[in-house]
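In the two complexes that follow, subunit A is the common piece, with subunit B as its partner first and subunit C second.
Showing the complex of A and B:
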């Protein structure tokens, strides 16, 4: 690669130069380390030979103090990772829904019996020549029998519910009540005590901030945000749950045999795990696609608790009909909207609890179809939060209407509007004569390109694609259809094509709080090559996809795709050399879905809060999180 | 899952004439000593579908079927039986009960289907593609023709089996062309517009329609209302829907647009953005491409999807719609597809009820079934046959490849091969039957010989 590439030690963890900078090997950093503004390149980037002249001033980055990792501030905000990756069907959830099934089944039996028409009753239909016929009920299910061939899942539920019942029966009602009271009292005292600590901590944070503002004042937005955060912190304290879960539960590791067995027993759909998995990625789930599909299909009617809309979305995830984190998130939220619309609270249950359990069961179904993306995790957290925050006084209808409008609002504000803002910002970075490179088919970048084209800017687009999905072709199709001048190439040719590129625009599945961009596999490679060629890399990512997790590599958390997709080439039987050897013990296929791009390779992240350097991600995560969730 | 199930049980089918009668409508024909309808009902029950509408042609038949269901499935299924006039066809039957259909999708199953394909698979495909109609296709039975060849000689000019000519898209998910057996003799006309949209079409003749469909209710009702000439699902409605999939006349998108109507313009823009993100992220089917390629004039998408679910080869699937099929199914259910019968077979691969009595030196071979209270004399031999309840069979009787229903009396020295003998029939001594159908209560005189005949009381 390019020998000019600067050593990575240049990126000091405390002092980061932001914006487009060159790596001057001879120049030492001026100014004290906690003086971020002085490290900003005052001279225009002269070594970047092909960067347009406007780049220097238009890229005024938001100035943000170096991230402080003081736990006193971060800790109340931190949630444990398992929230985002709920284990399939937690025991409580499954028991409630199995009870639920029983009750609905009973209800249905009764309702059906009463609604059955008397025999011989004739109806008239205008349009048909055939006389309408009445229905005669000949057989009615009076009570719910334990059916013989009811399927494993049903039996399992029965089993679980009976177990939980027996557990419940051990304590009398009075005892349970007393226990609850005690817990409540303990909680109240705990709340009163720690009510002071976060406020104090944030106060301290504010004072630190104001102290800093003697030096170059932080941008208006940042300041007001800090104020807002301060107010919020003082107003409503973080819920108890957050603290309880401070020690995050380890995520499900799929190479841990005993836990996998346990999870399997809980699973709605029986799945066969792929046998030949790559050693390094054994901790990630990988299933044999074929069995998964047939299982899901044949279980269609037995998955009674899953709402049809959710089921449909799940299938679409599984078959890859929907991909791209924005689309997946929207599809999921819309399915939940449908589910909420059709939801009715069973008697003797409260909406907030029952609906949460219900959503949990939907989620475990969706996870079985495909692991959740981080954006979906954030959206779910938002939804659950809204459900939990519903006032008890609301009627069911009102509550459902609020939830649905909340979901609408989330989609509109966090995705659609965010995209619009991103487009507005990003378009300023495109000037006439630019050659823009993009990888895959990121939705935000596509909007940027289309908008820039509408503004009449003259530029050329290089669409870089990769097997097996070849999403770039779809993007290419649409761009060419709009009359944009395009070049199409595969990622193999990236080092060749990078010579002529002036900007790289990338999408992201998520941006983690150390600035790492978690995105479609291959993105890291593109970003690295761009960095080596000194081409600015701009990542377009909505802020709802930000996550406070820190990830240094793409091993510990990733997703494995269908290995057959890379071993077979559709429609080219003549070059399927791997046919027959895919079951060999010596062959392990690896189809990674994501990779992590280190923040060194990213020049700038364009979000709905403006254009920020990767180092500012934790600030956004910290300060705007509450706003994201509308707590 | 918001599916409603309609079982079309038929009436007294003309094609099965000596076998069916007023007392035994088609749905109650015994297959391995169980009415054929029970195979469908049990398959549905297994899939947790317990709320069914059974449509029977003819009042009498409806009474029979209703009576049997209420006996056999009390406390297990919630079944409503509807009687429709005879000869209205499958579409007519649906038209008659259309006002009872409320769920968003309808699963229509033929009552004569003997299959182990889970209906959920069909429904899942239907839902996944949001299709208007999804049909189940299974590979054509290969053993059928060979069997009739072995039955030999005179029956050489067999009726052409009604195979479908089916056109599929390269991914084998969408149905592009359907022609029923009668049309196959003529030229096949394939629509240019569809071919142009898909580029490639796979024409297959080795698939048969398994008579299991999933319909979108609103569309089905609309088609039923508007096209009152349509009589059959398979021959009229399905080809119609497939034909018109790119220039859909049914109003698909009316409902969602009406919902958005009263909202603000701003939110509509957002809706458009949402749908664009969703559309861009998903791999477009040829329907979408076609719709987008000639958008301009109409904004409303005028396409609908017709999907196909192709059952895997290992699954068993056959329709009892001819006498040949009847004996085939009977043989398969006690033979190759024995898991369907729901009985446990003995070590000799056969079932002999404990109360059945066998004479000395009588052999019952594998793939046989001898049901309760039947008696057999000495030196009999039974091969690949089903014998019903309370039959009395004399000595030195040979039964091969046959179905003998209940209360049949067979005299000494009879030989029965490849035949179906209905309930209460009587065969006197030394009669020989080959490839015959004997109607209920018919008496065959002693020493007579029949070959390939259909014998019934006038």
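Showing the complex of A and C:
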């Protein structure tokens, strides 16, 4: 370890430096030494040349401690790949590809070689020159509009290259990267079983490299690059394997450029990442909304792998027509029901495996339209479990019918009947003269209020709403239509109104194992103000939404919405103060969708298992998940 | 009043109904004629209320335990031939017991827990009704045993927490807490007890009498003097009428006050409660419970315009309680819900 860390100097207030990094203080613009990838293994052997760390990639603020070998060994590898990565994402950006078939063939061939090597995260980085995914969607990706993909790649390269250019000379960088690539190619060569691989690897590497418009590398360095990559892989493979066995697959972190690129290559829908993003939330995906919609619409007839019902649901998610975790879950399951109905097993494949793969591909499509909610994740686990448990003796028709009835039963028992039980429990907590507060538009709470009104209880409701979605207005409309006395306010008046409230009813997108309630943004505010006023907070949540995950804050896992809706108000076109400044460097707009409420602020959680304190959620998850969820 | 032979915990019972019938019939006639409190269960010679009353005659027996014993007797004397019928009978008996005293939480909780404990067994899947019934009786007896012995178990568990020279504050007359203190005194521990008066039913005075008989140094306080003396106190011991799902307790009026004072002065509050008192209630505040009223005698006439708060119980939220001593062990308040979930679901 270094005896003394270099003093921290702030170069760019936007970039928050968290963690350890060893920057020599004599650099003109000390930036983060390397591009950290969260599971970066120990450093490779010394064939990679030493070079001082460059600050070319100050994209990710969160650093990991550099390994015991000096960081300088890491840096060239870490630094260069990001510039390198944009290429595989848009192989068609290169003009040297004669036709798409050739590229996909090369992609597939290399993929075969790459798949023969044990999968490791570092391998992805090392073999970034070769498209690692041999999925059929690669051809789809290649069919995409070339300009857009190329544009993105070029722009990103421009960002990085401009930054790196300002810090280092071009030639040394090019040389180093060329050496790297050569080493990688040599590694791939040495490792591959068949002779086709080196040709493919070097061919792909060469073609990819030649596609780079900014820095064309010499092709004679292929071997050394491959060799370096190979050695690095060998050193890293054992820890990777062990780690992969123990640790569950981490969620996709979007500040990890390599994985982002890999995911992009596999993407069915081509999306452009939003450019002006808040540093703290770099690990979450954010795309330009306009391009998403046009992309999807233009590709309607090309998306063979996606069933039309699933496509329709995906579009509904994208446009925000379906909101709320129950509605989304039900829509998705019903779409899958349709898809299963129309499904037919291809010859020589088992239904279970092929259907699971198909569901997986539908899921990736849906994720690209909008990231999955936790309830949807649980429903998918249930479905996959049911598919896996199908007895092999069933015929295809019977299997499909079984699955469809399973989905029906899940929706019925876990959502519809569960809601009825929740309503039955919750109305016992409403007495005459109560003033009930609710936030947003939770479906379960709405049912509770309507049922309590039907039972003749005298109470009034305060509906708290917030921009940009203004979901509370829908709830208000429905409640007033039934004749309930309502008050409507926004969340900034919550402390003003809380003194007259007797109970707070909230909905949840999920409840985590430490009792934290994960719900729409603003819920935590309401719960905390209620707690300060000693008003009991009741959360209504079906048990299928419980998850064994633990989350301590709202940052590590969240969803980013469209930032433009913050700056614009629907119907008030005169409020346009932020027009034109959305792309400025000093302003980033942040539209978070979810937040996490700690369990201390929750008095009771009402589920279909009864009324439980927040500390009992892990008991339910542990004991009853197995029995009841996956019957 | 005929006292059934069931006064002992276990009676020799043979599956053959022939040997049972004569005993019932001999007991039926005098009972029906002399007893005015005929069972609400129409047409049944066996009255669960009578059974309950007979059990209650023992002064040391808690109400809920008497109810549990009575329900166990119901199973034994039941003439049903199918499991469904047996359960229905049991439910009717349980409801009639509960309706006798609607404000008693421990009675309700005890009956409900008994029902769940007894019927929640895979023995119900047996085809042979008689063997299933015997299994039910076995479980019922076991539950009755556990409930009877609960106090002794709790007393043993809490001995580690009473050290020589400590000062204990108690509130109200809880037989469990008395058992704890008695056991400590008998094992020659040196400690002293502060007893609150416990208005309006003056239960504190009765407890101080009992403790004085055991040669335990007792100091009597009025209820308002709790904060004044809290500095000298090492721990607070209370019983419970019921333990609710959040981990809080419902107990005699004044418990919440004492717990608040103790919590603000960092003194531990220990609750001694048997496990059959775990109820499926979840009060959100003081008014969220079934009201239990107790008339207060002020000694002077009160003008009719003046309202009097006559509630006899209050709810202490779990954050003010340190530990619960139960026959299931020494638990933290959050474990109550886990236990209830495992039992009820």
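To be clear about the criterion, the second predicted complex is superposed on the first by the 382 of 631 C-alpha atoms of A that agree within 3 Å, B and C clash if a C-alpha of one lies under 4 Å from a C-alpha of the other, contacts with A are read in each partner's own complex, and residues count from 1 in each chain.
FYI, contacts are C-beta pairs under 8 Å (C-beta built on N, C-alpha and C of every residue); 3 or more make two chains touch, one makes a residue touch a chain.
The structure displayed is predicted, hence computed values, not measured ones.
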Touching partner for A:569 - first (subunit B), second (subunit C), both, neither: neither
First, second, both or neither for A:327, with subunit B first and subunit C second: first
Which of subunit B and subunit C A:555 touches, first, second, both or neither: neither
First, second, both or neither for A:620, with subunit B first and subunit C second: second
Between subunit B and subunit C, more extensive residue contact with subunit A: B
First, second, both or neither for A:611, with subunit B first and subunit C second: second
Partner subunit B, residues of subunit A touching it in the complex: 108-109, 112-113, 116-117, 123, 125, 127-143, 145, 147, 149-151, 154, 294, 296-304, 306, 308, 311-312, 315-316, 319-324, 326-328, 330-331, 334, 408, 411-412, 415-416, 419, 441, 443, 446, 474-475, 478
Footprint of subunit A on subunit C - complex, ascending: 245-247, 280, 282, 284-285, 288, 318, 334, 337-338, 341-342, 344-345
Subunit A partner contacts - residues on subunit B that touch it in the complex: 1-3, 45-51, 53, 55, 62, 66-67, 69-70, 73-85, 88, 92, 95-100, 104, 118-121, 123-125, 127-128, 130, 224-226, 228, 267, 270, 273-274, 277-278, 280-284
Contacting residues of subunit A [partner subunit C, same complex]: 429, 503, 536, 538, 603-604, 609-613, 615-616, 619-620, 623-624
